[in-house]
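Every chain is named by a letter (A, B, C, D, E and F) in the order it is written, and numbering of its residues begins at 1.
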Amino acid sequence: MDTITLIPNNSLLTSTPEEGRQLAIKMARLIIKATQPDEQKRSQLRDLYANDAMMLIAIGQTVATEFATVAAANNYWQSR
Amino acid sequence: MDTITLIPNNSLLTSTPEEGRQLAIKMARLIIKATQPDEQKRSQLRDLYANDAMMLIAIGQTVATEFATVAAANNYWQSR
Amino acid sequence: MDTITLIPNNSLLTSTPEEGRQLAIKMARLIIKATQPDEQKRSQLRDLYANDAMMLIAIGQTVATEFATVAAANNYWQSR
Amino acid sequence: MDTITLIPNNSLLTSTPEEGRQLAIKMARLIIKATQPDEQKRSQLRDLYANDAMMLIAIGQTVATEFATVAAANNYWQSR
Amino acid sequence: MDTITLIPNNSLLTSTPEEGRQLAIKMARLIIKATQPDEQKRSQLRDLYANDAMMLIAIGQTVATEFATVAAANNYWQSR
Amino acid sequence: MDTITLIPNNSLLTSTPEEGRQLAIKMARLIIKATQPDEQKRSQLRDLYANDAMMLIAIGQTVATEFATVAAANNYWQSR
């Protein structure tokens, strides 16, 4: 696990909601990478979940949870 | 992923709760689009989950999580 | 999706916790309606999940998440 | 749904964390009751989930989510 | 349900994060106990979920949700 | 359970988001360890979930929930 970066740039701050959303996706993917470091196996699993309706929904749930944290860290991008 | 917009208008702010709810639905759908970019495959998967009781409930869970963030970003539309 | 109201009265505010709970149930149902607009199919799916223990629990999870947002929007009905 | 009370006493406030926990359990059960009003069917489903490890865990997840809201409403019972 | 203590010491406050984590585990277990009071059946179910990867992950999810509430109640143990 | 440390260093505070993420992973793993203390069985289960797409997604969901608490405890690393 030590050699895998879990949060790019080691920061939750982003300039925009769009970039925050991209960060949330990356964070979710990096947890999978830390749990299954073998690139080839991950590639096989990606084929599975990209074609499975329930897994796609579950990925959406995970990203939504990550994004809640990223959005709070950025104070929802300050514009309220 | 780079060519897919993840948050329409790059903002979590909406005028009303109804529009915030629509945004939450779109955000959830765009994560699925980013994970499965093939429109035809997504269309097949939509047929699956629109007719599966458990998947419909799981979609509701994901949208509820996204909406929690959108609602907080809008300070619950200020009216309390 | 455009023709379906997602949040009745376009507001998260309710007079009481009981009404907030009713709103949370409605919000959860309206996401299912937006995803599966066919009333007859939804009716068939309702028969399924009303008689399936795991699905009933999952519905409870979704309503709990929606209610968390409604309760926060109402400042937990002000009485603390 | 109209004839079912969803929140006993129409309040999220309780005197103690223990009572708050009891309220969270009741709130979770009342959503199931609102979705499946038939007492006999609910009784059959209870036998199922009380003897199914995964369903018991899922019930725990739902109660945990309800309790988070009840605890926040009570400002965590003020003693911090 | 009345005879089962749901929150030990009737308080969410603990001296340390470690004790808060232990409380979160106990709270999760006590919901299972309230739902399935039969000690022998619970013991059988424990054997099941302690040896099932997906159930172990689901238990982790439930404890994480309980801990979020305990940590907030303790103001994250004051040290930020 | 008493002999297992559930939170390394008995603190939710970390210097950086990256370390906070590592803590969230460890916290999630230690709940599994507390529930299944047998190292050999856990090793077998790890092989299962590291090669199962749905379980990897579920692990991601759990870590995301733990991280939300760690990030809040660290005030999102103060930089907003």
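Basically, a residue touches a chain if its C-beta (ideal position, glycine included) is under 8 Å from a C-beta of that chain, and two chains touch if they have at least 3 such contacts.
Here's who's who by UniProt: A, B, C, D, E, F = Hexameric tyrosine-coordinated heme protein (HTHP).
Because the structure is a prediction, the values reported are computed rather than measured.
Between chain B and chain D, the least number of touching-chain steps is 2.
Touching chain A and chain D at once is no chain at all.
On superposing C-alpha atoms, the copy chain D sits rotated by 60° relative to chain E, to the nearest 5. A separation of 31 Å divides the Cα centre of chain C from that of chain F. Computed from the mean C-alpha positions, the centre of chain C lies at a distance of 27 Å from the centre of chain E. For the pair chain E and chain F, the distance between C-alpha centroids works out to 16 Å.
In chain D, the residues that touch at least two other chains are 49, 52, 54, 58-59, 61, 65, 68, 72. Contact topology of the protein chains: cyclic, one closed ring where each chain has exactly two touching partners.
The cyclic arrangement of chains, taken from chain A and going next to chain B, is A, B, C, D, E, F. Of all the residues in chain D, the ones that touch chain C in their complex are 1, 5-7, 10-13, 27-28, 31-32, 34-36, 41, 45-46, 48-49, 52, 54-55, 58-59, 61-62, 65-66, 68-69, 72-75. For chain A in complex with chain B, the residues that touch the partner chain are 16-18, 21-22, 25, 49-54, 56-61, 63-65, 67-68, 71-72, 76-77, 79-80.
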